[in-house]
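Each chain carries a letter (A, B, C and D) given by its place in the written order, and its residues are counted from 1.
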Amino acid sequence: MDTTQNPAEGSAMAGCIAACNECNRICLQQIDHCLTLGGAHSEPDHISMLLTCASVCRTTSELMSMESDWYATLCDVCAQVCDECADACEELGDMEECAAACQDCAEECRSMVDNGNEEDDEDEDEDEDEDEQEITAGERIN
Amino acid sequence: MDTTQNPAEGSAMAGCIAACNECNRICLQQIDHCLTLGGAHSEPDHISMLLTCASVCRTTSELMSMESDWYATLCDVCAQVCDECADACEELGDMEECAAACQDCAEECRSMVDNGNEEDDEDEDEDEDEDEQEITAGERIN
Amino acid sequence: MDTTQNPAEGSAMAGCIAACNECNRICLQQIDHCLTLGGAHSEPDHISMLLTCASVCRTTSELMSMESDWYATLCDVCAQVCDECADACEELGDMEECAAACQDCAEECRSMVDNGNEEDDEDEDEDEDEDEQEITAGERIN
Amino acid sequence: MDTTQNPAEGSAMAGCIAACNECNRICLQQIDHCLTLGGAHSEPDHISMLLTCASVCRTTSELMSMESDWYATLCDVCAQVCDECADACEELGDMEECAAACQDCAEECRSMVDNGNEEDDEDEDEDEDEDEQEITAGERIN
């Protein structure tokens, strides 16, 4: 667990956990809405996107809650998933609440990644080339 | 969802889902064992590692089950988490079963990432620079 | 999904989802605290109680978010688990925040069970003997 | 955690964990199938049933893996959810694999509940009225 956590980061983390939980809630709630609307809203790809976003948000929230050493890695992935989900919601239309929750969660997650990296910069020099290997927001493997 | 899946990949995915579920099971089961042993086995960092590994394995398994477009990204993260957990178990000792489950899961997850990238190579040229941004196994943000 | 939901129940559900998420967060966070304290706080039974409570809270939250027909059943189990976890925290001491979060979640979950049963009373007579088979708060199978 | 576990129960539990994981996998996998078929298969209630079943199976599996004192309670709920999901799949048709996985999981879960109760009978007299309060399979609150 991350024992170097300072109060400011603790507060940021609480905000990010809340944003992840809210995004998880809205994505799951929207499945009913999307299946009722039908058409493009109920296509397998869109429902899969909502379920993926809900699932990654939940795990990211839990890793932050237990202050796992891996939370920043999950926050980074979560920000990317949320960005893609927000884009999908905006493209489809009639999903404003979900798009907003995803955008908010992506932003909170990105700020946790930045906090994590700043801490590393202060603490350790051996990880100096880490940023180069960080996944760029919006990139997906596969 | 990934509609380009071929039979060989389907079989590899079934093996990877099984490895993730087994690693999830063993990591959760070992918590009792570690807390009973006490000492270094029951230190917060080690229990957090087991819980993180269990949590990431479960989510990776679920994203593969629903053939989410994001499964390869999660497999990549899962392989890294499992590698670290296997190393921690080997270092501590008396955790052979857990180390083996983590190593097996890491290997299965890495093969899913490679499959995903090969597919991308065949299908799309626009993603040609993707490999550079892939997280290198063993790297953790934060 | 439960299409008979009225606005008052929707608001109660939002409160219950928030209480479940908060209880999940605190229970996971307390694991580090308990393992650092050591002694009775770090005994396998207590850590298992915290993990069980976190896990059941999360699932209950997700079933409410998707308005699953089964949410009241999970709320009923969740209230029992939270009651037991709150008692364990009070008995151990130095876990006030966790005990409070568990008690709050138990209360919110019980109000969802009552709402669910009232709705049934209005809608259907065929389920009239349901209350008799309801698990009594505090009872655990096994 | 349940320290009274005997080898026979350990083996039954391993079988039940495997059945829960398999049911989780199939239910999640079937969502794509159902949304592609459309019609009754893609109605909100059916997708919600599959997601509920997947979610409860996963939590039940995890509580067994960590040998939580609450696993038999979750097995009891899981058996009921799986029974309802199996019935829904059989009624709809074209979901044989899912119905079979649900039925198998329900059966394994029920045998865990019975094991748990037998143990209680041997160990404790104070819980003698517990069986009366057990949820009857097929009953759902709400």
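Please note the rule applied: a contact is a pair of C-beta atoms (placed from the backbone, for glycine too) under 8 Å apart; a residue touches a chain by one contact, two chains touch by 3 or more.
Since we're looking at a predicted model, the values are computed, not measured.
More contacting C-beta pairs link the chains of A-B than the other of the two pairs A-B and B-D. Taking each chain's centre as the mean of its CA atoms, A is the chain most distant from subunit D.
Remark: subunit A and subunit B have CA centroids separated by 19 Å (rounded to whole angstrom). Distance between subunit B and subunit D, defined via averaged C-alpha coordinates, is recorded as 26 Å. In subunit D, 1, 31-32, 44, 48, 51, 58, 62, 66-67 are the positions where the chain touches two or more neighbouring chains simultaneously.
Residue ranges on subunit D touching subunit A, taken from their complex, read 31-32, 35-36, 42-44, 47-48, 51. Contacts from subunit B toward subunit D in the complex involve residues 1, 17, 21, 24-26, 28-29, 31-32, 54, 58, 61-62, 65-67. Here subunit A touches subunit B in the complex through residues 1-2, 44-45, 48-49, 51-52, 55-56, 58-59, 62-63, 66-77, 80-81, 113, 116-117, 119-120, 130, 133-136, 139-142, going by the rule given at the top.
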